[in-house]
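Chain naming follows the written order as A, B, C, D, E and F, and within any one chain the residues start at number 1.
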Amino acid sequence: MANPVDKPQPDLDGIDAATRAAILVEALPYIQAFAGRTVVVKLGGSAMGDPELARSFATDVVLLRAVGLKPVVVHGGGPQIGEMLARLGKATEFRDGLRVTDAETLDIARMVLGGRIGRDIVSSINRHIPVAVGLSGEDAGLIVATQRDASLGYVGDVVDVDRTILDTLLGQSFVPVISTIGADGQGQAFNINADTAAIAIAEALDAEKLIYLTDVSGVLTEMDDPASLISRLSVARARLLIAEGVIAGGMIPKVEAALAAVEGGVGSAHILNGRIPHVLLLELLTDEGVGTMVTRVAGGAS
Amino acid sequence: MANPVDKPQPDLDGIDAATRAAILVEALPYIQAFAGRTVVVKLGGSAMGDPELARSFATDVVLLRAVGLKPVVVHGGGPQIGEMLARLGKATEFRDGLRVTDAETLDIARMVLGGRIGRDIVSSINRHIPVAVGLSGEDAGLIVATQRDASLGYVGDVVDVDRTILDTLLGQSFVPVISTIGADGQGQAFNINADTAAIAIAEALDAEKLIYLTDVSGVLTEMDDPASLISRLSVARARLLIAEGVIAGGMIPKVEAALAAVEGGVGSAHILNGRIPHVLLLELLTDEGVGTMVTRVAGGAS
Amino acid sequence: MANPVDKPQPDLDGIDAATRAAILVEALPYIQAFAGRTVVVKLGGSAMGDPELARSFATDVVLLRAVGLKPVVVHGGGPQIGEMLARLGKATEFRDGLRVTDAETLDIARMVLGGRIGRDIVSSINRHIPVAVGLSGEDAGLIVATQRDASLGYVGDVVDVDRTILDTLLGQSFVPVISTIGADGQGQAFNINADTAAIAIAEALDAEKLIYLTDVSGVLTEMDDPASLISRLSVARARLLIAEGVIAGGMIPKVEAALAAVEGGVGSAHILNGRIPHVLLLELLTDEGVGTMVTRVAGGAS
Amino acid sequence: MANPVDKPQPDLDGIDAATRAAILVEALPYIQAFAGRTVVVKLGGSAMGDPELARSFATDVVLLRAVGLKPVVVHGGGPQIGEMLARLGKATEFRDGLRVTDAETLDIARMVLGGRIGRDIVSSINRHIPVAVGLSGEDAGLIVATQRDASLGYVGDVVDVDRTILDTLLGQSFVPVISTIGADGQGQAFNINADTAAIAIAEALDAEKLIYLTDVSGVLTEMDDPASLISRLSVARARLLIAEGVIAGGMIPKVEAALAAVEGGVGSAHILNGRIPHVLLLELLTDEGVGTMVTRVAGGAS
Amino acid sequence: MANPVDKPQPDLDGIDAATRAAILVEALPYIQAFAGRTVVVKLGGSAMGDPELARSFATDVVLLRAVGLKPVVVHGGGPQIGEMLARLGKATEFRDGLRVTDAETLDIARMVLGGRIGRDIVSSINRHIPVAVGLSGEDAGLIVATQRDASLGYVGDVVDVDRTILDTLLGQSFVPVISTIGADGQGQAFNINADTAAIAIAEALDAEKLIYLTDVSGVLTEMDDPASLISRLSVARARLLIAEGVIAGGMIPKVEAALAAVEGGVGSAHILNGRIPHVLLLELLTDEGVGTMVTRVAGGAS
Amino acid sequence: MANPVDKPQPDLDGIDAATRAAILVEALPYIQAFAGRTVVVKLGGSAMGDPELARSFATDVVLLRAVGLKPVVVHGGGPQIGEMLARLGKATEFRDGLRVTDAETLDIARMVLGGRIGRDIVSSINRHIPVAVGLSGEDAGLIVATQRDASLGYVGDVVDVDRTILDTLLGQSFVPVISTIGADGQGQAFNINADTAAIAIAEALDAEKLIYLTDVSGVLTEMDDPASLISRLSVARARLLIAEGVIAGGMIPKVEAALAAVEGGVGSAHILNGRIPHVLLLELLTDEGVGTMVTRVAGGAS
């Protein structure tokens, strides 16, 4: 049976049957361990720009679903929002690194996130099998938000996650793709940081895993040495490495998000390099560790 | 108990208890007749621009759901798409009255429909109770489309409607709000005429009613005389009136859509004036006929 | 669509569309708040004698059910039992205001309650839609009773309510109409005071409301001044008014029953005048307060 | 474990273990054959007057339900209605053997059937286990009736049986006990012949058996010779015996009812002598044939 | 209807209808009390060798299931294993009365238990109605075992019982027939004492009863006097009788097993003589006590 | 996470991430196509003797189940039965290539099949995850059989397959492992050819595939040239090749069985070499064709 969507690139002709079987068999314990479990994937950065990577990501999501996991996709879209604001000649002010979000900016953010980025992810998945459904946090009260700080305008924090709509969709094997716009009780929308929203959603769903697809390869002890990758990191050791300055700079917020997730009850949090094709499959279904997995205690469940 | 969202405008102080009760009682046979039935409402034109009417519409949808109907909202958004194209300095060519839709135009249409108009409708409903969920026809294979004519670009026709996602949502009492973008098997999106898509959706759902909220008061035999409104119209009589030229001009496509719907199996199709506040309630739950109802045969089910 | 059963009496011709819509909209928050909740209505006195009021009552029950509430009707029938005893030439002795109930009296009470009064209520509801089912407390162990006092004969107190049969019927959207005859484990029947039985049933069902349809307009601070109606009454204030003698005479047992119900876990208890047509609708679905609502604390849930 | 309700009368002390076991084992094929099947029992005549027989009947119903059958009881009550009419000094006119039923007579019939006779049957069953529920044909549209002949007043014929309420109750293992009052769409009640109503109910339920508990021992070829009992009778043979005059007199309507039932789809119809204690058990669960079983064809299913 | 399988032996011709009915009625309170409850029957010794008794046992199991109980059969097979070992010329060593079980012995035990004894029981039940399903403790992780003592080889103790497969089968009214081979996590099988396994299974199932079909008539205070049978025995009294030496010898392990079961939460444990035909029916459905029932406290539930 | 059971043999260290991912991705369309479908695997010959192959087979079954298929295992065991007969000194007569099966031979066959071979398969699967359940065709009426020919003794043919027990087990994601002993209505067992029984079971289950694990590599056009393997074969072409003598000798019955299956409604039938490790995975989840697939028409569904 031909697979029209995603012809694997590497030439498998030289791979013998025993090797093929061995790789499938290698996946078995992972498939068994994760059967029926929810995995929240926060998609950011490069993965969304490169069509090849977008296809690879969609294939991975479909395969994870096919072998029994329940993937939930959460995405941001800062660069694309900025680009649209620029096209419309709308100036943006930043305060403490955060975009001041007036009503028009909010409108545009909402439009770009839910009407373009989310749509593209849904479309790439549905080319395989029509199971993805785009959601905004405004739908069915999914993300209840409140204003963070009046001076930032319509920037919000998550107050509550109502998992009803997610349960409804996951119960029928759909794949939710979520834009992180929230709303308060009066229907006022707010733009929510996608990394933070992903934590709240993963916690509300008692997710097995929260996976950040980023532009980095995981936590390195030597910034420029890929070989210094830390494959597994306990909360305690992560805190120590931050205190010691080994984890520093732009890596800190990523690790902090991972720590918040596992401390909030998520089984494990992963920081992966979204530029590696099929990085989700490699991390979840093979013995190859390709990023950093953060767990509550050392040697915790994979 | 206060109702924070939608304080009724008319002063009810002078209305005595007997009248209040009588109006509620008047609704009973309609509520019984429509219990559990699906009503597809195509929202167009003015109703979407006026905040007051948007609130009135949202209230009606919530009330219809509360008394046991299953509303499904379908919306278009031509003017808003045009406006955004203009803001972005994107010129549009029309051919036979249809917008030639290149890839960028499609992108913008998709963004405006799903990321702004659909969102606003969802938000106005969810202020009452968080049950609305925005959908694109691309979600879960809802609207399968094909290109109409290469010279028109990404303008599509409906090939099939997969009601699975609608059944999933309606089964949990959610209210779907649908942007009429469809997709073909390769994931290529197409812009679909909302009036036509509404028919296909209503047929796929075996809907009791398909309601067009328009800018006109229904079918008039004398263009400028509201008193000449035809409250009920059979398919046969409608065809006769078209042949006789009584139904003419811009009214013809509206009536044709209504005819297509009832001939396709929908119980009845209604042409209502969306500028009348609470026009849905008045048409569905009171003895007042406020628009034109088209049925397969004369004297058919209301 | 004509409503053959219950043509509303007031002439609605003069009522404009906006007012009609406003009255329907006014009902929305109540419908939402009470959706799926159980309301026990104790029907007594005049409402059962007047055919017009019986029709109005039946319409209200059907409408409440249609908008999603679960009504349960409990009825007494002292006067009708007395009348039948008189027709049969059976003398009755009263002790402390209670009818001494020998075996023959019990037999006649049982026959009148379940075979006539309950039947008439069922019939008036089923003219609209066949959903009412007459029950005796003897059915399916619904009301387990014990003798109150040997000198009173077969007068019983409620020992237990087995809600199984009510859950079975309510789960299929039937409307139970209950005659308050109970039985002990040996199958001996007892006549039970309907006001008391209604409390036990409302508590067993975790009812949202227990409504007494009586001959009075609610609690008045000045006996003869309708304007002195107390619309809402907390338990604490009710006890104070009894202590102060403001609530006095025949009103005391009614208020005590209401207090017992809310203290037993029922959301609120209402004392309404059953002679007002559609009093149930007016109290439950409009902003008009037409009786007295007793709640655990001041300002409690409506 | 003591059985307080129904201490078996015969002294079993002399019965050895092997015999006890053999009798239980004898019941096995019957229990297996009838598991989950519905049996409609029409209770008439003597069985209702004698307390001992009433107890025996109730025990049988409870035992049949306990071993997996679904009993439904239908009862009449002509004599008791006549008695009450007499007590109330209400004269009755008969026309062609049928009681002319004016409004007051109907009221009394309804009261006696549902409020006394049905209640007594329910009570005798519920002493064992609280599973019986008294129903009137007016409940939930169970028996839809129409007037037979204006000159007979409120005497009705069955137009339709709505089995919804019976399915609801049987689905939860309740035992319905039905008074055969029917109603038309306007809520007008009619008195229905119980033998006829039982057929309609048995057909609507696809019953395995319809059993008439009568005052006779079944079909005898020699009126006064119990040994001439015909244990099984096909439709063809029954018609022959009627034509030959062997089945004659008061036996004809009973046999005609049985024939109507099996021709309407009921598995078999039985004419039993309700004066034999535990006649239901003996007929249904032992090899002893104690009455006449009518089947569509000779040698049909027992 | 003829019962081809199990024609009851005693001649019932002389038994009159009243006696037949009385015996059926006598069973009613037991059927009601045990409806839906699980009864684990440990089948041992003679009952398995005698074809007549095997038939009687199968009939009893089918009848108990037909009247609503959930029987589960557990069997051993020491003698048959020994016989097969002898036929194969395989010598057996005993240590402390336990068979030293090497790999080959285990293989043969497993083969005889599951492939012959269990099969025969299944077959005798399925001749009535095809509901029996043979299981090994190895199936679906039913019996998790661990090695008792290396010197005994593959003799195991029960570590855990996973009731999932039993719930699956009982939920569809199948009758599990269990060979007591267990397995550890590595798939190593062990032979488990059937008396002990029966306790663990009964506890895991919250069984109403655990019944040992043995070669003795129950607990006798005078070894050779059947009249000295103790029909009911509390835990306390059993311990006393053991201490006093009244319960002695081979009876001790049987009583200890019964005590372990009731102390582990099983309602009651019975020691019955499997050589009495239909002993299960007699003990469970008649007033005749034919063995010894052990309960937690004196006068406990039967 | 370590996989204690089945460490893949080939060294995967040299396999890069892209290749690993590509092989997993290659499986996706197969997993999607076969999700929820039943696959019957007939296990015969060598695969059962070699512990390594038995492990490989068990791993494949567990992996197929994990990715959403419903495997059902059917096994024979001629050689093992012969061996046991020999050990017991029981002579066997063959007639037309079939073992004459007297009562003792049947007993031994039943014992070896269900008590040893089936057990070993169950055990090898349950080491991964406890989901396998051993069944005989005697269980729950699974295989209804009749004697083929009196001169052959207890050799039977399949009359009917009752899929109830299989549906019960598959519905809870268990894996049935079936010994092909059948029984007639009187409980008489018969030995059934496993190839034939597998067809009947696959047809009764509307299986997607019936897979024969044999000792040959599939259908070869040149007996000794593996390169002459026919990967796909339509019914028509198979008949032609048999007629032409290309398919000949021992291959004929295998191909005939495959033809019978697809003509009986099974999606496709496969003849695979059970000596290839993980041959099930290779055939079902990779683009590598490793055996012969027979379909109704050329180019039919894979």
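Keep this in mind: contacts are C-beta pairs under 8 Å (C-beta built on N, C-alpha and C of every residue); 3 or more make two chains touch, one makes a residue touch a chain.
Keep in mind the model is a prediction, meaning the values are calculated, not measured.
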item	value
Intersection of contact partners for chain E and chain F	none
Maximum centroid distance from chain C, chain identifier (CA atoms)	F
C-D compared against A-F, more contacting pairs	A-F
Approximate Å spacing (C-alpha centroids) for the pair chain A, chain B	36
Gap in Å, rounded to a whole number, between the CA centres of chain E and chain A	56
Mean-CA-position distance for chain E and chain B (Å)	68
Shared interface positions of chain C, touching two or more other chains	none
Contact graph of the chains (line, ring, star, complete, other)	ring
Ring walk, chain B to chain C and onward	B, C, D, E, F, A
Of chain E, residues touching chain F in the complex	87-88, 107, 110-116, 119, 122-124, 126-127, 130-136, 138-141, 162, 164-165, 168-169, 172, 174, 181, 183, 185-187, 189
Touching residues on chain E, where the partner in the complex is chain D	1-3, 6, 8-10, 12, 15, 17-33, 35, 59, 62-63, 66-68, 128-129, 276-278, 281-282, 285-288, 290, 302
